[in-house]
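Presented sequentially are two complexes of chain A, the first with chain B as partner and the second with chain C.
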Partner chain A sequence: MTGKFVSVLRGLIFIVIALALCGVIFQFAGYSALGMFHSVAEGAFFRPGAWQQSLRWALPLFITAAGVGISFRAGYFNIGAQGQFYLGAICAAFMAEWLNGAPAFVVIPACFAAGMTGGALWALWPGLLRLQSGTDEVITTLMGNFLAGLLLVYVTAGPLKDPSGSGQQASSRPLAAAYRISDSLGLSPTIIVIAALVALAMWLLVNRTAFGVLASLAGRNPTMVQWQGATVWRLGLSSFLISGALAGLAGTIEFMGPNGRLAGGFLPTHGFTAILIALVANLSVVGTAFVSVFFGGLASAALYLPIMAGLPSAAIEIINAAIALFITAKSGFVDRLLAFGRRSA
Partner chain B sequence: MDNPALECRDVTVAYGSVMALSGVGIAFERGKIHAVVGQNGAGKTTFARVAAGLVRPAVGELRINGQQVKTGKVKDARAAGVELVHQSFALPPSFTVAEAMEFGSDRGAAIFTRSALQKRWAPHLKSLDVNVDPKRRVRDLPVETQQGIEIARALVADARVLILDEPTAVLSPSGIEMLFERVRKLRDRGVTVILILHKIREVLAIADTVSVLRGGRLVDGPVACAEIGAKRLAEMIVGPAVARTLASGDADAATGRGAPAAHTANHHTPADAGLVLDMRGVSTLSDAEGPALRDLSLTIKAGEIVGIAGVEGNGQRTLVRAIADLVDATHGTLAVGGVDVTAAPLARRRAAGLRVIPFERNTEGLSLSSSLWENWSARELLQSRLLSAINPARLKKRCDEALQAWGVHYATTGQQAGSLSGGNAQKVILAREVDADAKLIIAAQPTRGLDIGATAFVWQSLREARDRGCGVLLISSDLDELFDISDRVVVMLSGEVAGTFSAPYRIGAVGAAMTGVSQ
Partner chain C sequence: MNDIIVAILRSGTPLIYVTMAGVVAQRAGIWNLGLEGLMIIGACAAIVGIVLTGSFALAMLIAIILCVLASVLLWFVIEKLKANPIIAGLGLTGLGLGGTSLAVQAIFGSQAAVTAPFGVPKLGPAFGPFGVLSIFVLAMPFAVFAMWVLLRRTRFGLRLAASGEHPFAARSVGANPSRMRLAALIIGGVLCAIGGAELAAGSLQIYAQNMTAGRGFMAFAAVIFGAAHPIGSAFAALFFSVVGALGIRAQLLFGDAVPHDLLLALPYIATVFGVWLSGKLRGGRKAATGFAELRDY
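Take a look at the complex of A and B:
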């Protein structure tokens, strides 16, 4: 069996096991497991218009997950995608506020630049701390998520507050329609093109540049690349920056596209789902694209279940949680299963 | 022989299409020291792992003390009294000795105090002559002691059969003596010891019987060592065809029968050759890896092999790290291939022609979980810009060519480096580091753990590099090796040069310099 095939198989087995566990849980909770899966599948892909909805969620998730994959490959467990996503959205919002009134062809690129820079900077400080003094990036990026969440609450209730807003949740002033890159359904040619460009760029970076090979070597054995003359901090810092920038890009898209404004605590699980996606896809770029569609489908089913099927959307959270649970088992348990299959084959 | 201590019948292990063992049947008599030898990839480690229950053979049975034991079950093998000390140690470096012992035993209580652990393990260590304070941390201990602890740990559960996989590869000559003493004592206590070894001299010095594996098959064994000569044993290991192709001096040095002094004398480095290494007055700070260098000067001419002799831990590692810019020099200058690289990072030093075969093959030399082609390409890729485009198909093809030229046994360039046997892994490093543009090759213990054929091959390759005009710095704890291929031998003691010798070498003089005894 070739390595690629094994890793795809591994991802699949892994999802099937997680779904089986969910089935048991649903059944015990008094729902028909089959009925539940049926409704989920329908909500995700089979009802009319489902694909558009699923892609609407899948594309930003893919962009963030592709970035997460880059830093994981290089051996850095940057789990701060959520915070970097928020910072991207916040910086884009400030840029839009600042340039308000200027023509769209100036404002939109400037917002993208600001969003990606914001996300990258939010990954820069954990990266520097890690590479300068060995501070564990898991801790710093996790803390960064909380800080970014609070910052978001502050700016939406403070500097960017929409005075006409009356909801419980403070939110920023809406982005002028001229600057929006999609309607609130959230799928537009602009977003598709951006996601495609990210996919291409990341695939090239991982598979067709010296950086891709060296970062993956460094991720598996930093000592070895050091003996080859690599400046490990350069590889490391670039991967932090790329992953932050992509999360920031996804934040910008969510702000300028479907959401059109910032709200305190919006899309609170985006970054974590992206980490799941990257792990399930075994950090491959192509795999990430497919797995993103799957998780995008789940996200869209989560909205569909309570409204159309009268089922709790918590079902989707259970599925996500089960997959997350099995990720830790992945290396040991699923590999043993695969090895067993190989032996008896 | 009834009820042998350990017996394998018709054991076959395959990894994909590679037959690691095919139909091996062998029985080891109780209370003796048995050696198992064979080339790299012959299946020695696989055999040991089968015996310890770590690998389940496709067919075959395992008997311990005459009782059949389920194959592939570590617990069962342990219960029957078989323990294995691995080729690469597995002690957690940050543990204290007592913790490491507890961690390896089955009695581990859920809650314990440090002092209770220390009290519990001190007598056990003492009874095996492992003189170490159980409070010390594993990473601070010399490798001989670490090995002693590994052995002690294996003997916690009343082992009847102890298997040591290449225990001498990591040891200095005096460490090997200590190990052999320890092994003899165990035998006298009735433990059956199986040693996997490469050096014929060591086999003849310690073992009662020897068994030879080649290509996964048992060539012969166990044969009483008294009945077999070194030459015959060497032939059995490499096969008669290869035996004829070994240069006679190399064969002797590799089997450990001493290097003929005249062997390198016919090579003359031209007097006017340029310096490929020019180190002047280099000092460093000391660190965890070893003592500081103190005002060390060393030159190597193009077309010269300079050997570094010294008791392990006298600055050899620091020397290599200083040349490779992995430790900062506080004083002095360094030039490689005529280019001053005192302040240059390793990438620039490599661009000037520096190549390094590091001490630790599995950590410093290769990324075991990465593919062969990635490992092989790393040096080249680091010489280009980070974002420069690569063509993996072409890299793989060139990697294929290089590995084949070096006679590496592998299936595809996509396979993980960790799946190669030790000798083949070393050849991958050589294939990467010994290229046409190399000007100075640092070879640190390049033949550690290699079989006779591979050892001779490495030496031949270093000689060829020298003949092309490369300079070679060879660091080795094996004096036979140094004397066999060095044009000059420099002795290091406490981070300083304690003497320089040229052929013909007098072992007495070199040994005296190594220990700091003035003659």
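Take a look at the complex of A and C:
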């Protein structure tokens, strides 16, 4: 049994504990826990067309989570994925507005470049503060999420406001159909290819480059890396920039694909779910891909529950939250349980 | 002028109670990002409790019990299962937001806002223009002062601070840091119940889904901005409320000439600036968490 296998098993045990806690909460609130889990599984994977919907949510989540994994790996607790995701969507929307009327082969790449740059810049200032003055990145990135949320509300109700829109929620002008990279169902070859490229690039970066090895070392023992002559600055800033750019990329995809416009406070839990995915996957790139599909399924079940099963979608929020509560846990009891197998082998 | 002060006290009081909960946890060495979840549990339990039991005292009791139970769960996960406090705190927040939505749906059959026939008892006409405020507003300065005395002038508070700053030193004088943290989180649970109840039942007497709208995180920002000092953090929370109240007033007076969202952003910008400055002045970094501890190799 390798250490990796033990940590996967331990993760699974704590997810089971988290789901048991959810079951208790559901039962306590007067729902049948088994019925609830059955409907969630059905909504996520076992109804007709479920896989397409689950993948639709999984791909952008995977892209953000892969970025979160890079900065966690390097030892930076960047919890600002949500803000970087919003900045990506906002910058892409401004670029689309600015180039409106130009041919699609110009506009689409320009929007992607703008989105990734926006996300990266929103990660850059916490990175600079952290490296230059040691300002805690947990606080700066958390505050960055709120600032980005306010900025999104401001641009959707101000510069980008759709004058024909009505209702309570202000939204931006819709993106012209020629520039959309998918329909509103949100699964298209373009998005799949982008996600596959991100997966390949991140896997190579982590497993086959000096950066990947040094980043993992820096996360565990910064002093040692310093002694080995690596520049903490370059390593640190790169990991902030990569994670920001990927979150920005996911924001761009959500804007140019399934959503087609910006709305104040859209997809408010994207960043948090991506952090969870990275942690559940123990920061491995391949693991992140698989775990994304699971959480993508939960996201699609959140839409299915109230409409098809008549159950509140808050159930999904509770499942995600319970997993968050336990996913970083280590328990002597569980470890002894796992070690028991090792001894008998 | 009076109505501005009333507005600031109304929005500031819930924030200050929850900030005190954050302060006591921070002192004990736990970055409590579950404040948002605890606050919504307090708000929901207070209103639903009043509707179901018809008694304010019983409703407060329910709110306090639920918030304390949630805090103990957080303590168990952080201390006994060695979970990362930040991720676990965010999890507790999600559990609070989701759990309250689920509970309201289960009890009332819909997720619509719940209105209570009465709320927190008011100060009454003896207080003139401030009579519309609740008793929790009057109690708030005393709570802040009591927190200062508790943390800075009692043996308990000093041991609590030692548990946060130097657990080994705390252990050497016979204090159990883990148990001190439990005490801190339980005190925080009670304060969050009061803060949440004041938010929902202090003036409006309405509970709506996700009505805390990030106030728990704002309280956390106030804790950081105020360097976890009870009085400093209370003033930070008050400052955030003043900015919020001024933002609404500026919009009423000048329309869109003053961007409302920019004013709302001020507290967060101030927090980033404050954290950066305090890091500069203190020199060196006090890490929130050794992230390396999270991973096993």
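We adopt the following convention: the second predicted complex is superposed on the first by the 328 of 345 C-alpha atoms of A that agree within 3 Å, B and C clash if a C-alpha of one lies under 4 Å from a C-alpha of the other, contacts with A are read in each partner's own complex, and residues count from 1 in each chain.
The rule is short, and it goes like this: a contact is a pair of C-beta atoms (placed from the backbone, for glycine too) under 8 Å apart; a residue touches a chain by one contact, two chains touch by 3 or more.
Please read these numbers as outputs of a predicted model, since none were measured by experiment.
The superposition on chain A brings chain B into a clash with chain C.
Of the two partner chains, chain C is the only one that A:322 touches; chain B does not reach it. Contacts of A:220 after superposition: both chain B and chain C are touched. In the superposition on chain A, contact is made by A:234 with chain B only, not with chain C. When the two structures are aligned on the shared chain, A:178 is found in touch with neither chain B nor chain C. By the document's definition of touching, neither partner reaches A:12: not chain B, not chain C.
Of the two partners, chain B and chain C, it is C that touches more residues of chain A.
In the superposition on chain A, contact of A:208 is made with chain B only, not with chain C.
Residue overlap on chain A between the chain B contacts of one complex and the chain C contacts of the other covers 3, 220-221. Interface residues of chain C, counted against chain A in their complex, comprise 31, 33, 73-74, 77, 80-84, 86-88, 90-95, 97-99, 101-103, 105-106, 111, 214, 217, 220-221, 224, 259, 261-262, 264-265, 268-269, 271-272, 275-276, 279-280, 284-289, 291-292, 294-297.
On the chain A side of its complex with chain C, the touching residues are 3, 6-7, 25-26, 29-31, 72, 75-77, 79, 129, 133-136, 138-140, 142-144, 146-147, 150-151, 153-154, 158, 219-221, 272, 275, 279, 282-283, 312, 314-318, 320-331. Chain A contributes residues 2-3, 205, 207-214, 216-217, 220-221, 223-231, 234-235, 238 to its touches with chain B in the complex.
On chain B, the positions that touch chain A within their shared complex are 324, 326, 345-347, 349-350, 356, 358, 363-370, 374-375, 377-379, 381-382, 384-392, 414.
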